[in-house]
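Take a look at the structures listed below.
Here chain A shows up in two complexes: once beside chain B, once beside chain C.
Right, the complex of A and B next:
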């Protein structure tokens, strides 16, 4: 089959007209709130440790790790419409995995433990996808969400019952992560490491989601059945994005294990999974930046509230979450980000068009 | 050898027999109309052809291959394309992206991840949009189109997959007279490369564009033949008179 020709042979004048259309119209009127927001947040995050007290920097590091975890959920739910209630499974398994590497094999080099964490998350997600997503016919949202939730619950219970994994107490006093001979303990050093990883993974995700693959995912989220009739193998698309998201959750889980210095069964459980769902819904799903904003605000608020309203802070936080979900179903981010920019466009860049021109 | 052949196709939903041994033969580059009263099984037959439903009994052969139990993506890759009865454009995406989504369906995953084909497909996207008189709206969200325009966008998307056979379920549903006329015009050129099976209530429309007709009644084929033969057929006249 020829690579150009639609199969239809339009009259030459139609082709001529198509070539002479003003390409710039594709880019006219494009609002650019998103890049500004992203840059502002990056600058704020970069200077934060310089102005914050050390114990807050430690807290902020934990929040950045959770931001990474939230990104993993936004990829599957916000972009591919997979309601995974088992993200903690990949987060926690990677956490336990690197904790065991450290305890039993004395491995703590960042160049070993982070790839190991990502790999554990990736493989675990791929295996789960094999059961839940890769049937001959597409599986329902409810089936997948209950399946992933069951996985997280089972892992939590198994870890609690396992002597090898430390039972209820988990695995305490993990040795610090090392870069060469330097030991990374909590503080500004660890903060900037996590920030760098978060930015890198954010940019990679952004690249992927703005690509033609991202367009296929947008189609998947909007109308899975329709794009199957175009010939897309929707189950494969879902399994791939699920596995990528597992790798990101795994990276986040291994960072968490070394930052906290211990792992415990809650990291695997359903509460952890639903927490990440809340971050993303609060911030706004399907935007990447919404996941980061949501995590930062929910965690920042609970930090501040728990200091100032010691007894009733969970109630205040709960009411706030509820209000956002009721009145801004697209999340806080929808206050500044319009629908058009949230969904985005996938047409070619001017450069690609120029290269394609005969 | 016909392009598509359905033989003895039955579909039973619980106690309801929607299709009862229906048969359909469509030749290469033939426009074939599927008509019949409401509830006669037209849409069910279309869905069995497209793979949205698996027939209870019977066999569907497409380009010499038994496709009866293939999934929709497998059929699409074999060269079949379906426009749904209910418009199913992707409302939040631009028209441009709707067409690109259909055009890139057979690109490899690596090509998609690195956006290697969108530069090459740009001209095809714009050509499709121009042909269907939608080029000036290319970068608006599909949700902002009128109902008739959404139907055209859907037909354009279905054709963008470069099918050998296009299945159209009520393409002129809810359209004005003028829009129907234009739809007929838009469909004519595809005859150069593609067969068409079309379900439609507007008999004038179907008479104008189809070569052959099959009439369904209560899940069975009542008659099949050229437009002239069907028009002269006594029992067909009866069911339509009975309905009128």
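Right, the complex of A and C next:
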């Protein structure tokens, strides 16, 4: 029941000690897969709307929004070892929040709704983290997952029961998002907007995780107790990353609300949380690119298969997830990405150091 | 006065349902250290088996007998094939059983066509005492719950099988060295927990109708109850289930059911936050 043992943390990863190992220089010349993969995906995503038909572009936009959502779950689970089974809470709350802004106040400007969504997610996550993670006793993983799951379930129930929030049907026909006087409707325009936001947040997360903060997080995931002995405030680190991920989920939720044009209780509840767990575990947790790849593969397959196999598709998805957990605990991304690249390199490499020295 | 008695009966019968659902979850969590996220779906499966037997034209009580056996057998197989790989990593076990639950839930959703299906009560009508009427089936649930609880406790506390289960829990290495096949014990314990969930599903399906998301609600309720009660002992989950069941049945008399439902969970989470060891801390089965 303790969350401190190493045995119950996510699968261990090796932190590359590039600075101290002479061996590292031998690997420095090896081709890196990660940047190539990232670049290839970016290029593929950039030209996709040019070759795809319009309705597929609309679908792809939704997938990109869900990628953003998956990133937020990956940050908490893959990097900080917090099993948040209620990530949809922030996604859905932000969605509902901006839907209300649009319905009751007629606000649809992108410069208002996206920050609003991020803020809602951030505050909600901060409050929940403050309750679940902070305190005298360190919280067990089971408790945190149960607490987040309960949060999502409760929000779902309340939204379904609330007349103000539209009950079972949610809030329909949200106005289109606007940039200045330009109305943004579904299609390539929206697609590129979401892509730009995704790339921006991806890069920010990447930067954050390769910083000192990210190093502390990685240590925390591997051995929480030891990081605590080093004097880090473990619970504070967790709360911070949780709140950041809430903000990302909120951004994604508000984009989703405006893209789909409506919000409904499933966005808040266990259904959506399950989805995001699935994406990230499938792709590979603890690598940002894994979350993106997982989302793209799962949603791509379901677009392709659900027409013909609508009834059994969710079952297949469950079986695939189980197989990945059993046989590829690091996700599909581990097929192409080596262990040392998953974590990346912290601080300057030997070569750079040598160059810097007179 | 009459209303009060009726309310008491309602609370008692609902509490019994929760205890029944939680018992299997609690035994698996306490005895094996695995938080089985598929437990809600085992309940669902028990309900589905009962419906299936009923829809074949066979009597409902027969379905209720078949359900625990079928779900227990499935639990046994799943433990052998999947769950046993997870003992070293309880967190991965949560994810793995979560995936199992997803498969079962979606399979049942496909089989039922996403509909709400109902199964008639095997014993319908009501028992009349003076001017009071009690639903007979709910009375039966209460009685069966008490019997199952007593039997499970007796099994774990007084039989040689129970002794071996407790030995495997306390010290697996020593148990193995003493010639106890811990692998088999774990399989049987998991199957037993699954069978209890199956029985719970079978008994409650006439009260709640059968639908694919039946399990989720009971899963959260069960987990909350186990943690409120305290993991590790036999009495803990039962106590937690009684408390949660009582509140879940009582609060809707005071406020709207939606608020009550949510409030119970929120209060429980707050309670666990400040008392992580639960109502009854300790390990093992008290005799």
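The rule is short, and it goes like this: the second predicted complex is superposed on the first by the 313 of 358 C-alpha atoms of A that agree within 3 Å, B and C clash if a C-alpha of one lies under 4 Å from a C-alpha of the other, contacts with A are read in each partner's own complex, and residues count from 1 in each chain.
In the analysis below, a residue touches a chain if its C-beta (ideal position, glycine included) is under 8 Å from a C-beta of that chain, and two chains touch if they have at least 3 such contacts.
Worth saying up front: this structure is predicted, and the values here are computed from it rather than measured.
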Report task. For A:219, select first, second, both or neither according to whether it touches chain B, chain C, the two together, or no partner. Result -> first
Query raised in the report: Looking at the overlay, what does A:321 touch: chain B (first), chain C (second), both, or neither?
Result: second
Report task. For A:167, select first, second, both or neither according to whether it touches chain B, chain C, the two together, or no partner. Result -> neither
**Report entry** Partner chain in contact with A:137 - chain B first, chain C second, else both or neither
**Finding:** both
Query raised in the report: Which holds for A:338: it touches chain B only (first), chain C only (second), both, or neither?
Result: neither
Requested in this report: Look at A:300 in the shared chain and tell me whether it touches chain B only, chain C only, both, or neither; answer first, second, both or neither.
Outcome: neither
**Report entry** Intersection of chain A interface sets (partners chain B, chain C)
**Finding:** 1, 7-10, 137
Requested in this report: Enumerate the contact residues on chain C facing chain A in the complex.
Outcome: 35, 82, 85, 88-92, 94-96, 98-100, 102-103, 106-107, 109-110, 216-217, 220, 223-224, 227, 231, 256, 258-259, 261-262, 265-266, 269, 272-273, 276
Query raised in the report: So in the complex, which bits of chain A are touching chain B?
Result: 1, 3-10, 14-15, 17-19, 21, 25-26, 136-137, 208, 211-213, 215-216, 218-219, 222-223, 225-234, 236, 240, 339-340, 343, 345-348, 352-353, 355-356
Query - Partner chain C, residues of chain A touching it in the complex - result: 1, 7-11, 83, 131-132, 135, 137, 139-143, 145-147, 149-150, 153-154, 157-158, 160-161, 270, 274, 277-278, 281, 311-312, 314-315, 317-319, 321-322, 325-326, 329
Query - Interfacial residue positions of chain B with respect to chain A in the complex - result: 50, 52, 71-73, 76-77, 81-82, 84, 88, 90-94, 96-97, 100-107, 109, 111-128, 130-131, 135, 138-139, 141, 157, 159-163, 189-190, 192-194
